[in-house]
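When the chains are written out, they are named A, B, C and D in that same order, and each has its own residue count from 1.
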């Protein structure tokens, strides 16, 4: 038996990545594809790389017959998403990839995103979608909030260390180097090839919005208020996020904590002590590579994590969560190897 | 029942692509991985993107126990490959990805490659590996010669037109724009990032070696001697070849010939009349996209074809042939959608 | 004595390239910078790479005091440009970088660009701005029409051959591989880094507008109607155009014709017979590199030309023309070497 | 009067950049170009982008007639360089771009570089080549040691802050994102386009050699032992280094210290408070852009610095030093604007 899913916001990059992954997933089929401005177009015209697939034409979200749909992925901007999700029928499970339901405290949401929450009644039931850390809650959830892609990258490295108490929670600095596709498909001057290629710069200054997710999850894991310094940088590559986490602690204890935490996780690979990951080695996949490298200064340690922002950072994570929510094997459709070169 | 395969030359890019594809192929398992200089290393150290897989350590080719191996992929330089293939046990089917067995006439091989054929006794049984055009011969072959990646790109566009007699065989010009990975993983100054990025130039001048494959296959299809003008250009992207074929004929007849020829082919997609393909829309996949665009000058037509040189141009093609040779469904393990962006 | 120049459309890439070049030109100073939507901003905010320069703030074109301005560069879209140029005072010499004045016959302009010419009274005096071929006319012109960047690339290779009668004018095929910056700085989905990088595709199909310039100039040079087949391809690099011109003739005669034609030209470099240029070797400069490579098929020859679309293809050409129009040494401010890597 | 200079190691990227810059320098001419493996070749064959220049053929260093040479740039690997520099005649001033003479204490050199110093008698007179901080010593030096490119990037941000005492010297973390050309032109698998493009990773782990320069210069500036945590990352771009320096102090005091220190420096641009630089805005130039951005956590500040590794990070710096050593205006030949896009 296959489950039928809908993708709302199918004309964006996370939408395309969902279709790509679901295309070879044995337990899912795509029942509806929604896009607002591009409603009426075929996937072949919006994403020619998917033209070999037999897929429904893009429609507006209010044109969908939800009766046969089991689960919806909402891949929309955060403001829009809250209202759209709120309007979905109760029988449809929802994975929202926007920032709309990530922050448990609506006041925190309003502070960081600058607008009022438009689906307050749903916030309480929303489960934070970091699969490896909320697996049981996700299995039973009706609404899962996908994480920020930068947030996920930092959390894979830091959460086990905060939980294990092997680093100083007051001394965490996260520098990231991030691919371009995280900015989405909207036409912006700053994201033109001529603007982005051949260079790098920090962005999201002075404080990037994903910091709010770190505050929430790190404080919970540490059992105390944790505030990190987080600075993302744009690199001229489409996919991939590398987090360089500067922490204080014992390198061996840190490495051991990661090894132990991820021993049974199919997608989280801890490299041997002293080795560091590269984003190109997880590209196009749902894997996370983690590395620990001590500095010559005693007690100073670099914890590196790398993932694909469109896959493990958003759409792969969403599919992993869908598997959990629908009672399918968690790794179904997600074991394809990274693509290199 | 799964078949056991070996990959000889597993530390190069076509070797890595074979492993990537076979990783999720339900009917194959990797029994041996060979590399000469890197023998003794693990795949995790040679290709960290494959480190999640449970794979044998790299060995020298003469260390392999061939008794359990059904089929070998040889992904070696052309001179080396002939001797290695000749030394394999008879029960092992072979797909050779080098130029070693592509040219039926050994004199032609010597003329274009400049060295004597080192496995003459095998040449007669070698089948040219363009799956869609030699399907029946491949099914029964013990030795299949994978095509050149540029050669494959040009042939998908031209062979049906020559067979159908809808273009002038004396007036074919093929310009290609090719990704960097086709040059392989050998350390060469000319392939450094600093040399290749941010520009383009023609290469393989005055006549690229793959021209010999065009001579052979185009002449056979047309039933007369055909010689094309072929000029490849290097682009700063890792994967992809775009062929712009300039031909003379009627655009509608040309488009119709392609549509008819590929109607039942799962990997060959003919775009609507007037549309052109992009390499990024077949990246990482075994698909070929073809397009026909008439020029304003009557009788002048552009025929475009695009594929991924590492996939459909070599390792995907090889796997498709392996499926045929082993009696497996032809598309097994090859239906993953292209990766974009 | 220095001449004062204005740049209209200073917030685009050709505007920025003009500023970059003029910054170290000893005979010019920038008297006014105009931009419509970005009026009121400083160059530091629009183009941070120029922030070290002491430059006027961007203003709207009607805010300029033209009394002290000797020459204006108009770097605007073609429709807009005609009206703006028509409104400039008579004492201001003008170099228009748009397509607005390139085509001598307004009916041809309307056919290719789809709108009526808005400055018909100026068309007759406009000189086509290919410096090496209209040098004397440019010296005496008030209005010079900069060429299309693709058009310039093709003409450097073909014009001397058509004039010398060493190629068949009915058998010219021009394939080009072009950098992204030629599309300008406007925010378009198709020009995002995620869309453009890691691949190539043909564009401007079925017939690119610059073809009209080839028709005009090639027919004039050949003394007969000439129509070429022209197909540009986008590559993932910011700067550079490579033209592969397929012609029929004698390779030695073709090479000799180029060598002779460009013997005294400071910016046109003809490579030794059999060598081909690369765009990265002219990047950031006003140089054109040309190469001739015979094919194995008798009488078939490839003529390659490479230039930087923003420099020799537009802003460098414009500055070279400004030197001519203002009585300055033609190479002033233009001899900086290409930047590689 | 022009000075004659020699470039030893002219076939590498820093050699090419020196030639590019000197090509339009009014006070210098190139008297000799040396390369070992490529001796006998012309610059046109080694660096086609410089083929328009009238330059001597490459020779071996012992073939040079030094009698007419005023100054030599040595752009060689560090071990080689010491011996070559030691063999130069006394009348030739020398700027060594290798690590051979950067570290004042030969024991420190041996510790970090693993081999014995081969020109110990010259070490005492060698001046560290960070122009803005050793200007007077450089003017009178016979031997100047060019800085590491990463080292220079970090020092422009940190040295003024350590001297002014506005940051805690025990709490400095430097993360860098670095272009590929810094790895040089040697053919290495790890620097192939296919390996480097489309991703990022940290390198030089656990401790990069340039850290030794930080130890030396930071400790001197602070008047106490300073050890930083330094982690460089490779990005898929040819030129540019961005340093994100994490420091503790008052953001306004930090910004003021930079503004004051660089007020009269022609190449050092401090951005307005809260703005951050991008490497692409200094590409191809001798400029450094610096920015200060406070974090939300009180007392935590990011200090960003960006430069072009081949220019201000090595060859531009070297030319600036040559100007000082030869009594020429310090900015001569170095005011060309950055190239964007």
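Operating definition for what follows: contacts are C-beta pairs under 8 Å (C-beta built on N, C-alpha and C of every residue); 3 or more make two chains touch, one makes a residue touch a chain.
What you see is a predicted model; the values in this text were computed from it and never measured.
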- Item | Pair of chains joined by more contacts [C-beta pairs], A-D or A-B | A-D
- Message: Among all chains, whose Cα centre is located farthest from the one for chain B?
- Response: D
- Taking each chain's centre as the mean position of its Cα atoms, how many Å separate chain A from chain D? 39
- If you average the Cα atoms of chain A and of chain B to get two centres, how far apart are those centres in Å? 35
- Message: Using the touch definition from the top, which residues of chain D touch two or more other chains?
- Response: 13, 181, 194-195, 197-198, 236-239, 277-278, 280-281, 283, 341
- Contact set on chain B toward chain D in their complex: 13, 180-181, 185-189, 191-198, 236-238
- Note on the structure: Counting only contacts in the complex, chain C reaches chain D at residues 13, 16, 19-20, 23-24, 47-53, 181, 198, 238-239, 269, 277-278, 280-285, 287, 289, 310, 335-341
- Of all residues in chain A, those that touch chain D in their complex: 173, 175, 177, 194-195, 197-202, 205-207, 211, 227, 229, 231, 233, 235-240, 242, 244, 246, 274, 276-281, 283, 293-297, 300, 302, 304, 306, 341
